[in-house]
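Order as written gives the chain letters A, B, C and D; numbering starts at 1 within each chain.
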Amino acid sequence: MPQSADRILDHASLFNEPEYLELFARKHALENRVPPDKVQEQLDYTKSWEYREKNLARESLCINPAKACQPLGAMFATVGFAKTLAFNHGSQGCTAYFRSHLARHFKEPCAAVSTSMTEDAAVFGGMQNLIDGLSNAYTVYKPDMIVVSTTCIAEVIGDDLSAFIANAREKGSVPMDFPVAQAHTPSFVGSHINGYDAVIKGVFTYLWEGKTREPNERINIIPGFDGFAVGNNRELKRILNAFDIGYDIISDVSDQFDTPTDGTYRMFDGGTPLDTVRGAINAKATVSMQKYCTEKAGAFVAEKGQQYASFHYPLGLGATDEFLMKISDLTGKPIPDSLEKERGRLVDAMADSSAWLHGKSYSIFGDPDFVLGMTRFVMEMGGEPVHCLATNGNSEWAAEMKALLATSPYGARAQVWAGKDLWAMRSLLATEPSDYVIGSTYGKIFERDLGIPLIRLTFPIFDRHHHHRFPVWGYEGAIRVLVTILDKILDDLDRKTIKTGISFDMVR
Amino acid sequence: MEAEAKAARRQMIADVLAEYPPKTAKKRGKHLNVFNEGDTDCGVKSNIKSVPGVMTVRGCAYAGAKGVVWGPIKDMVHISHGPVGCGQYSWGQRRNYVSGAVTGVNSWVVMQITSDYQEKDIVFGGDKKLVKVIDEIEAMFPLNKGISVMSECPVGLIGDDIESVAKRKSKEIGKPIAPVRCEGFRGVSQSLGHHIANDVMRDFLIDPAANKEDPSFEPGPYDVMIVGDYNIGGDAWASRILLEEMGLRVIGQWSGDASVAEVERGPKAKLNLIHCYRSMNYICRHMEEKYGVPWLEFNFFGPTRIAKSLRAIAEQFDDKIKEGAERVIAKYTPMIDAILAKYKPRLEGKKIMLYVGGLRPRHVSDAYGDLGMEVIATGYEFAHNDDYQRTTKYIKDGTVVYDDASEFELERFAQALKPDLVGSGIKEKYGTQKLGFPFRQMHSWDYSGPYHGYDGFAIFARDMDLAINNPVWGMTKAPWKKAE
Amino acid sequence: MPQSADRILDHASLFNEPEYLELFARKHALENRVPPDKVQEQLDYTKSWEYREKNLARESLCINPAKACQPLGAMFATVGFAKTLAFNHGSQGCTAYFRSHLARHFKEPCAAVSTSMTEDAAVFGGMQNLIDGLSNAYTVYKPDMIVVSTTCIAEVIGDDLSAFIANAREKGSVPMDFPVAQAHTPSFVGSHINGYDAVIKGVFTYLWEGKTREPNERINIIPGFDGFAVGNNRELKRILNAFDIGYDIISDVSDQFDTPTDGTYRMFDGGTPLDTVRGAINAKATVSMQKYCTEKAGAFVAEKGQQYASFHYPLGLGATDEFLMKISDLTGKPIPDSLEKERGRLVDAMADSSAWLHGKSYSIFGDPDFVLGMTRFVMEMGGEPVHCLATNGNSEWAAEMKALLATSPYGARAQVWAGKDLWAMRSLLATEPSDYVIGSTYGKIFERDLGIPLIRLTFPIFDRHHHHRFPVWGYEGAIRVLVTILDKILDDLDRKTIKTGISFDMVR
Amino acid sequence: MEAEAKAARRQMIADVLAEYPPKTAKKRGKHLNVFNEGDTDCGVKSNIKSVPGVMTVRGCAYAGAKGVVWGPIKDMVHISHGPVGCGQYSWGQRRNYVSGAVTGVNSWVVMQITSDYQEKDIVFGGDKKLVKVIDEIEAMFPLNKGISVMSECPVGLIGDDIESVAKRKSKEIGKPIAPVRCEGFRGVSQSLGHHIANDVMRDFLIDPAANKEDPSFEPGPYDVMIVGDYNIGGDAWASRILLEEMGLRVIGQWSGDASVAEVERGPKAKLNLIHCYRSMNYICRHMEEKYGVPWLEFNFFGPTRIAKSLRAIAEQFDDKIKEGAERVIAKYTPMIDAILAKYKPRLEGKKIMLYVGGLRPRHVSDAYGDLGMEVIATGYEFAHNDDYQRTTKYIKDGTVVYDDASEFELERFAQALKPDLVGSGIKEKYGTQKLGFPFRQMHSWDYSGPYHGYDGFAIFARDMDLAINNPVWGMTKAPWKKAE
């Protein structure tokens, strides 16, 4: 009997016990299984060049994509505004999925409501659901703003959000002047980064309506969809505070996704105050930290007459330099000495660890801006990107990637894969491996199937905790990224050398 | 329970309802009750549409069909048919463990396989894409034993004819292709998804295979099926081991770690043993009606219910099996006694509040009881009235019962009832902990398990102890605040 | 031939190549080796209870101790004062060792000079060396202060530091009023933590000489010897700044051991200004973060009339609470809300990860205060200490450890080992293992010999980089410690479950 | 070099000296020079006491005896005899790799074994303790083949008689016990430690064993010893493989990966091959004088010197070995050519500044030359005049030479000479990098290696490339500062 009160085995060890191995054998005899040699043959085949070509030739089937759908990004963007409720118009199951998906990454409660549309609403339209839903949501949760975004059903049947919301106001669901912004975010268009964009633009559109821009010296910063937002936004504020400038983070989830456990449940915490957003029209410039998260919102602020600048998840030395110089340019303020010293400390860490980092190869996947930012930093450390992949990357992204890779001799080996999924990446890595993979939890399949260690540095990270509480942006964030990578390299080295003892060195 | 205490609980419900708009309060009032011992049900309405704009915990038909019933079948490829999200969010989240599997080669459970609808598929229809998807599946995963097509919302709205595509391609590839009409807008919760899934399983696997040859299978007198066990953290294995030890032969598991062969073989069992009544009673009824296979509900949570269930199962067989049941109970009793001796003193008198789906809001009750703990409030995300009837046999007078509870209600009830432990899902976990209450995810076993069977109960006991007695719960308040 | 231009193998893989395995076989045939069965037998024996008893019975032989000698701590304490030069009176080899030891941990240049005593000085005394040395050091490095500490030779021959320094002043080595503090730090007494203490006391003694205390409201904080000082001292300042109180860190090495790489070599950077130290006599209280690092300095400030409070490397929830409450008590300032929110976030992280942390067992080694602090936090997380060991712990420490362990049911299994070395710990772990070891790089022998994973959380860490740049103190530091431990647990779980695939879960 | 450039370098030295007090400037001036081609030495004084209060890089006799010569002998237990620090700081820091070793069972190289003197040992003497220490070593490590007692400073000052203890206990345990009087205050650097270590090795291992039976050993015509290779990162193995490939038999390595048997067997070689002349020439001379074994200096850094050395070694043997040498050279040439083709274009013209110990300040010079690089400044921590004489054969006119350089001098020279790479030790590494200069630790190979032999040269080339060409060196200045 494997189990005892002194030594309780859970799944991770219980099913390696002989009793269960015998059970599996009995079960497998009743499964009409594919014979082991055929399985092995197919397994080997999945790692071949021939399979790779078939795999890359897929046109319709999508396997293990590294992207989510628009409303997830919409929800993320929404909760970054102060006391703002994410309100999905569509089936309720969608909302349950968005909430649990974010909860698994942030290990935080993630609130959003749905209009719970069912078959009758599919036939007659979801107006009544929206009217009832706004009334309930307003009464129960007492938000300062509601952002309505859509899921598939509402989009396919063509519900008229503006009209419905106007109706709801008239029916008294919410006061006439209560802010209700809206965004169309069908899952069959784009990905979560576009849903993010749609909400930012939707909130600007609503809160700036009828306003005339009176330019001032402030800067808006839009962080973009970011699983490390808790650490990153705080670091961003620390950096900008050092500049002593007027700035506003537009949609700041850092407190919302990091509330304390102290006996109180804060459904809303932190976020950009609505008056701040209203005033943001007057800003001198808007800076996007992730270009592909703010294409429409960026165009919108530019139309309003603001300067607009965008970055690609600025990570590492050069990208942080450029970000700081842009802030300095826009504001006319010099880059503070304290940040210059931090820069020097990052250079110091890079120099100290360069011998371990130099020449290591990485494959990188994630959202387009992340892959750009991470690839750049990897090359700054003398690392060699091998496969750079964004399932939600387009041809513009691929062109930007190639231009980036061409800036460094370390980019020479790299191949860029726009629109490809992680099953394609498995073939790429099986045929042309890299030393490490940098990505999300989804990348652990490469560790299992190909023995390539995974470095978790982007959303979603479901199987490790709290990493998102630390920044990866800024010089200090870059040191953390460097350490994360280096720890993996040195852990790996220890693991490989522990058997013979040779090279199991005390100093590295 | 004393009348006064019960009245206080009723007042608690009234207080919560008072915060809703009147129309909503009226609706929700029908779903909340304080149980009166002796009643034949729990006095709550169920299986009704959720109120819009109030944060329901429920999912959709797709979640019930793909996420629960079909997804765990390991040697089929399950297509999340439609846009990318549904499959993405459910990818690898239910911990339906599989054995002897090479993912992507002879098992596809922990994969996200989708037709990833784009706008053009909405505009022009997705059937052509589905044809290509199936072809590409055959190219990528030739060892699959069949394919399921799990429809997402748009599919049903734009008039795609997946049934016809499935029929045609199934003939072409010579394997079952099951079109599952589980669009998320169908029904009021996961529950209709289970039902649809059961029906499609009936029509596309079981009935068509009724006369098919099954080379690996020679019928025997002690053949049973485990139905409605999804093998979360290995639950079904920890159940199966007991049935096998008592002398039965388990000829199939539905659908945790299931193979197509096991599903097709269903009607050949002498007895179907169902754990999660809600999600798979339909197929049991079908097998009884069409193939004459009797079915029996059982409960493998905690030693009291395990022993009862083993004996009830054995009752359906001969003395050899009855002796087998007694032998199994006797074998595990010392281990279980040791577990109880270790953990009962640490857990005695602790109060639990549950809110889960399927079978657990009632089934785990006596497992807690074995540890000296008491369920003071419980409810279901997607139960029907027959679930609430069954629940009466598990709960005590005065238990608070909630159907399709909103997060808002749960929070208020927790604050009023001050349980020692809350058991619910990932969406409820972190908010509840913020309030200072220990919590276990009772869908996923909080990444632990198995919880079924004797081996599972040991883990269950350990986990409840570590949840409740972790030191952090004594430290949630800053000490300088305490002094205030 | 194993080597090629495309794939250059260094030691970690080169010596696993067949050519070298054959070479080893040829070599071993010429070594008169102990036969493999005898080696195996002895290896097994070293893991037995019988060996353990012999091992623990050792009285004279010390094997793999987890302690260094006094002058190392003296050097560390010295460089925490602004522009202060560490000056060792003794053999020059000692100084080379201290410098390289610290450099290997901090990956920073570590400056110190020696009087380079040789045989003649051993016979005639080192006065001339000291006179010349002070003159050179003063002229070349232009420090604001020199702290003279001794190594063995000077102590054994009994050089009179005070007289020598006075002589040096008279000879013009340094100006008459140039600060030269002193500390007797023989290697054959105590350990590096006592050397730290001696310098703090020595600097106070020198800079406070002749001063009368005029009490004010400031607080002195002495961090103690700490390999994480860079991160910790900065975090300490951030915390104390939130209080808005007057405080001074006495010996702050955080800038000295983290200078930027920007083209300038800063031999001195940061540190406690000497005028601050002079004024520190007037502080209301002195708080020591590590009691065993400041026994004499603490007694000295108490004699001067200050309040004195000490902690044991306050790490985790309760210890940070107590530290903040003490600061609040001493200053009359309330604990800031921002820190209370950080507290809540730590509780949150502990709660979120509690199921993984609960019941895991740890053996912990390091300096006495570290072991106390770490053990306390481990128990707060529901972890079970098994062996708690401090080579430089005494009976007072053992009693404090036992009292701490008695405060929690999670301490019930723990055994306390004062004065024992890591070879003893190997026996303890071989016979009564724990799931993990928490300690310094030296603990990697347990990973190699016993398969017990090492969690590196204390000085020295030679084989990983930059960890010391992040804090472990304060609520935020505690989250980092938690994540460090949890990452190891989950990495371990992935490693164990990767083969069967069962339990290789996407969410944890 | 042109006279003007040379004058500038001399001025650079003068400028640095000007910052010292006059007495010190005078002393240090004798250790610094700009080399004139054709001179028979480098024009610097050496092996002289360091100036107090100026940051010398040097260590002590203990570091030379225990850290370099004795410590790598793997099957002996080496006691750091005295207070805890010396052994602690040198524990596992020299990367003397060992093969086939179980640390703590049949090898003790990466361990810190000390008598950990306390005040009472100083007051009452430590001999009694040493007796107990030896007994406890026998109890803990019974498979050891001998013990060395490495004295730290206090031992020599308080009058302990370790020789007498060693003698008595050696007889008792039947194994060699070597008392090594390497107290840190002896001599002016590591160098005397080497000498003392050699002498003790002579007196306590080699001479006593001269007539001992050696069952594993049958003498042969091609027996050679590798002397003065400490197997940093596996250097000695990458050397040995070439000697064995050319047909020689390596009967011992001193002292990297050495066993007692190999040390005792020393006089039986037909030829001793010495790599680090400084640290082990003494014992070679002894073996030549007493046992008639000739010795030859060789240099296995870089293809030019390797080939020269292989041929010079082969010259001492018959045609078979000469052919062997040519065969080895031919075998590795294509690989080396590929290495040069890859790295030379990336390294051509780069200037190196070195400051190391032992043999490297001269020996690596041509390895750099093979890569198209040039050593523009070099010096030794603890050389003697014979080292500087040998150095003249490696360096060019105008090379800056410094003996026992201080950190201060090195920093100033680097800033003046602006090398593309600095090679020195851990204490110099980080400060040099702060100045913006790429750096390699040339004692420990910066945790890489081996660097000896052909296999090692591939790594050497890669490492120099990664050090010099890592992108970080182009980014040390903030770009907004550049604009200023």
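Remarks
What we mean here is this: a residue touches a chain if its C-beta (ideal position, glycine included) is under 8 Å from a C-beta of that chain, and two chains touch if they have at least 3 such contacts.
By chain, UniProt protein names: A, C = Nitrogenase molybdenum-iron protein beta chain; B, D = Nitrogenase protein alpha chain.
None of these values were measured; they are calculated from a predicted model.
Among the remaining chains, those touching chain B as well as chain C are A.
With chains reduced to the mean position of their C-alpha atoms, the one farthest from chain C is B. By count of C-beta pairs in contact, A-B exceeds the other of the chain pairs A-B and A-D. In whole angstrom, the spacing between the mean C-alpha positions of chain C and chain D is 30. Rounded to whole angstrom, the centroid-to-centroid distance between chain A and chain D, based on C-alpha atoms, equals 52 Å. Taking the mean of the C-alpha atoms as each chain's centre, chain B and chain D sit 68 Å apart.
Contact of a single residue of chain D with at least two other chains is seen at positions 91, 93, 97, 99, 102-103, 234, 430, 433-434, 448, 462, 476, 478.
For chain C, residues that reach two or more other chains under the stated contact definition are 11, 15, 104, 107, 259-262, 340, 343, 347-348, 351-352, 442, 448, 501-503, 505-508.
If you sketch which chains touch which, the pattern fits none of the simple shapes: not an open path, not a single ring, not a star, and not all-to-all.
Remark: chain C residues 11-13, 15-16, 104, 107, 258-262, 340-345, 347-349, 351-353, 356, 441-442, 444, 447-448, 462-467, 469-470, 479-480, 482-483, 486-487, 490-491, 493-494, 496-498, 500-508 touch chain A in the complex.
Per the touch definition, chain A reaches chain D in the complex via residues 317-318, 321, 324-325, 328, 335, 340, 343-344, 347-348, 350-352, 354-355, 358-359, 379-382, 408, 410, 501-503, 505-508. On the side of chain A, the complex with chain B involves touching residues 1-6, 8-11, 14-15, 19-20, 23-24, 26-34, 38-39, 42-43, 46, 54-55, 58-65, 67-69, 71-72, 87, 90-94, 96-101, 103-104, 107-119, 121-122, 129-130, 132-141, 151-153, 156-157, 186-189, 191, 259-267, 423, 426, 442, 445, 448-449.
Interface of chain B with chain A (complex): residues 19-21, 23-24, 49-63, 75, 82-86, 88-91, 93, 97, 99-100, 102-106, 111-119, 121-122, 129, 132-133, 136-137, 139-140, 142-143, 145, 152-154, 156-158, 184-188, 190, 214-217, 233-234, 237-238, 240-241, 244, 250-253, 257, 259-262, 331-332, 335, 338-339, 341-342, 406-408, 411, 425-436, 448-450, 454-455, 458-459, 462, 476-478.
Those residues of chain B that touch chain C in the complex are listed here as 91-93, 95, 97-99, 101-103, 110, 234, 430, 433-434, 444, 446-448, 462-463, 466-467, 469-473, 475-476, 478-481.
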